[in-house]
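The following pair of complexes shares a single chain, chain A, combined with chain B in the former and chain C in the latter.
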Partner chain A sequence: MKITIKLVGAFRVGRFKEEVREYPPSTCVREVVEDLRISNFLLGSVLINDVHAGGDSMLHDGDRLCLLPFMDGG
Partner chain B sequence: MKHFTSDPAAEPSSVVYSRCIVDLKTGIMTDEDVPCRNLEDVLGGFGRSFQILAERTIRQAYCDENPLIVNTGLLTGSSAMTGMRTYFSGYSPIKESKKGLPAAMWSAGSGNFGAKFKWTGLDELIFENRSPKPVYALIREAAEGPVVELKPADHLLGLSTHEKMMVLQKEYGSNAHFAAIGQAGEQWETVYMGAVALSTDNQLKSGEDKMRFAGRGGMGSLMGYKNLLALVAQSSDKIKPLTPEVKKVNINVVKGGGSARLQPISRGGGGGTWAAYDVLQVFHAVPVNNFRPQGNDLPEKLFRENVEPQFVIKSEACFRCGITCHNNVHEKNEDGSAGRFLAKFDYEPLNLLSTNLGIHDARLATSLIHLCDNYGMDSISLGVTISYVLSYNERHPEQPLLNRARYGEYDKIRELVEQAGQGKLPEIGRGSKRLSESTGETSYAYHVKGLELPAYQPETNPGYAWAIAGGHMSMGTYGLLTREGKSDMESWVEGITRTKLQIVGFDMIGLCKFFDITKGICTQMVVECIKSEFNMDVTAESLAAAVRRAFLRGLALELRQGYEKDEFALPAEVWEHPNPNIKLPNITSPEFTAELQKRVWEVFEPELEGLLPDVT
Partner chain C sequence: MCSMGELSNYIRDLAEGGLLAWPLQIAASERFGVSVADVERVALEQGILPARYQRNRNTVSVSQQLILHRSTVAVIGCGGLGGNVIEALARLGIGSLLVIDQDVFEEHNLNRQILSSPATLGRPKVEEAVRHVGRINPAVNVIPYHLAFSSSNGPGLLASCDLAIDALDDISTRLALAESCAEVGIPLIHGAIAGWYGQVTTILPGDDPLNTVFNVHGGGKGLELQLGNPSFTPVVVAGLQVAEACKLLLNVGAPLHGRALLVDLLGMDFDAIAWGER
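Then we have the complex of A and B:
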């Protein structure tokens, strides 16, 4: 299945801003995060088709996955 | 502090802290060893100072009876990572109820001053009354214990925060650190948002104005009212060898989840608080033009990736802190090396002194932040009051306020900052609540309970209504929708009334919030630090209970200072004109708000009984 992955902020460094990638069916978010070697410590939010989701959320063909770093403070 | 118990929760009176009361009118110093009343006293910070403030009836901030309380937390100056905080408390010149009574406030800052203060042997300093002449206070260690002296400060008048510190450094050398107000605090009559600057090791070694700030609530103006221009803390460093337990905690703080996102990108971190721009922009929730995001890509001009090519950005840290969250922007020399220091890019001052004013140029942003820091004003209150002016002027082009400044007009905005800092513009200096009441147009003044909002859209945070001090420092709900995706009533009631108020614990114990911002201080890490440093046993539950009591005491104090329930509300524009550009569920509709108010007060109100002394 094809997933459009958008990376935000520091996640783009050494990777990409937005890319379409192929994954096997029933891939979950966690597996994509691992595939991209993004630190769980830095992962703040996950959006699937603009809706908050979690690491165990399953992806489907055509989904837009956005990975956001943890945001805090001022 | 001395302690004669290993169980401070059960036997707080066996923990005794060292206080000096300075009567600025007479110069008389009174030293006391004060037994703690409860665990909040033991932890320190506002947990203690609000109990002192609660004992007084204060009807205006600028009065002799309003004390300025300077204290530290239990872990300030310890070997726990981020243990550097100093707290400034008093009744606030800027934050007031609709009845016109000042709110009790505290403000916190890092840098080196806190540790040096603690290492003199003093835990708390209370300044009473006003000095007839400008003075600074010297707190120094001595064989007989900490000594406090008042010194003439005429030579400091009119100097910026940084300049004051440079003068004092020449006199006191490398064993001293400083807290100082700028010209803004000196002009307390027309500037209610004066900040207190705190010196850093980096600043004193480099000569660059890399201060940290206790900005919120006008404590710098309160210092100015008292004619107290600066504090000097002079002591030898008392850095204890790390125990294995604290070492483990510190490693966890630096490398674990707690602060990873604040570490420099070059070290695999998230790059500091500046990174909030990128995250919030996904939702179009970066404040633009007085908190009205437009759904476009304007905020991206100040994304780090777009700023970095033009400047050298140094990731730097407070004294002995491994988190390295400061993003200090320097000119880039031809050879790529760092040139002149321009300003720090922390999220709040950056957004509220640029994007939210319609300015999208990093160099112009550095200039405004630099001015604000050196005049010594709270960047949040300053930026949001100016954005109110710009919003008013956009609505009333035929009869604008002040110098007719509009969004994006850097020269005119700069003029407003300079004149406010010099005390020439009380319309700005006295904050957005008063200004908007004078114009009669209050719906788009972005304050809650008289204190300007930080750079998180209120549409994303109805929890602001119950913040008892700065909006995001005293109620940790600002990420509940954007970061955690929670838009249901149960999550918001639980967050406001139980979990997210725990953030205030950091402003008791002396640790920076980046120690572990999501979990607060009621964690095994903190339990181990207290055990290791003091051989005192506390539980996470007793810490949580003490933090909760301190928070509720602050809420009770607000009600006593005349706040009505309708003041626990967001700016009216939020629900009168919902912003369709923000891509998040609506959790600030009148219906949601009414139900949230009912549910939150149902929890809080019964717990407020008996928290305050009877002062009638």
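Then we have the complex of A and C:
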């Protein structure tokens, strides 16, 4: 299945801003995060099709996945 | 002692072109034994703008300036974001600022925190906020709280506020702030920064804050520990937060509700993404 992945902020460094990637059916968000070698500790928010989702949320063909880093500074 | 009617007449007689110059605001304050904030209020109530706000005028009308003067905004955190937020709110003309921070200035704050200087090292950040605002706009009432914000003291602190601005640097206090704002029914303008990056969003009463910000994060430290913060990122994000505060107080424009503005200063990319609840 094809998933459009959008990375935000520091996640883009050494990766990409937006890319369409192929994954097998029943892939969940956490597996994509691992595939991209993003630390779970630095993951702040996940959006699937502009709606908040979790690490265990299942992806479907054509989904648009957005991964936001955990920004805590002030 | 004076009657407000006498003060009103005095201000009206002195104003030129609808503006009250600062020396005359001081003179009115001394002559009638009232604060410069009282003079500002009486002037605005009769459509006269303190001259310090004249460049606001085509963006913020005189009647809107009175709304800002009557507003109370809480700033939680007086560091990188908070210092810039406090400066901009004071120059905008917010009447009362509640500033909350338990910290004192340390040397590693000097690269970005505008309330800090070598002379202020070791001093409470909230005390410097009071001094700084007193220098730039004495008509603003600053109420300092040198304490740690928590879910137990939060609702009491925020009860008199129209909105709160998140300028914190850790997730557990941010969530306590969001819960407190929900409890007292006021908007919360969230901002966070790390390195070249930042984010801003507005959480309104009735939203689920846990489902809005950091919805998958389990706690601990985030990107700031790795990336630090340079001088320019807090300026940008604080400016966005204050613009959002101004809009919410005046009920104008399109707030960042249900969406987040993501700032990437390395790529010079500003992206407002939809940000819906599950």
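By our rule, the second predicted complex is superposed on the first by the 73 of 74 C-alpha atoms of A that agree within 3 Å, B and C clash if a C-alpha of one lies under 4 Å from a C-alpha of the other, contacts with A are read in each partner's own complex, and residues count from 1 in each chain.
In the analysis below, a residue touches a chain if its C-beta (ideal position, glycine included) is under 8 Å from a C-beta of that chain, and two chains touch if they have at least 3 such contacts.
Only a predicted model underlies this, so the values are computations on that prediction, with no experimental measurement involved.
In the superposition on chain A, A:G9 contacts both chain B and chain C. By the touch criterion stated above, A:F41 is placed in contact with chain B and with chain C alike.
Within the superposed three-chain model, A:G55 lies in touch with chain C and out of touch with chain B [touch as defined at top].
Once the two complexes are overlaid on the shared chain, A:L68 sits against chain B and chain C alike. Within chain A, the residues touching chain B in one complex and chain C in the other are 8-10, 12-13, 40-42, 44-45, 47, 50-53, 66, 68-74. Taken together, the chain A residues at the contact with chain C in this complex read 8-10, 12-13, 17, 40-47, 50-55, 66, 68-74.
Chain contact summary for the complex, chain A toward chain B: residues 8-10, 12-13, 39-42, 44-45, 47, 50-53, 66, 68-74.
Residues of chain C that touch chain A in their complex: 77, 79-82, 166-171, 174, 191-199, 211-218, 220-224, 226-227, 229, 234, 260, 262, 264, 266-267, 269, 271, 273-278.
By the touch rule above, chain B contacts chain A in their complex via residues 256-257, 260-262, 265, 268-271, 273, 275-276, 278-280, 282, 303-305, 325, 346-348, 380, 454-456, 472-473, 479, 482-485, 513-514, 517-518, 583.
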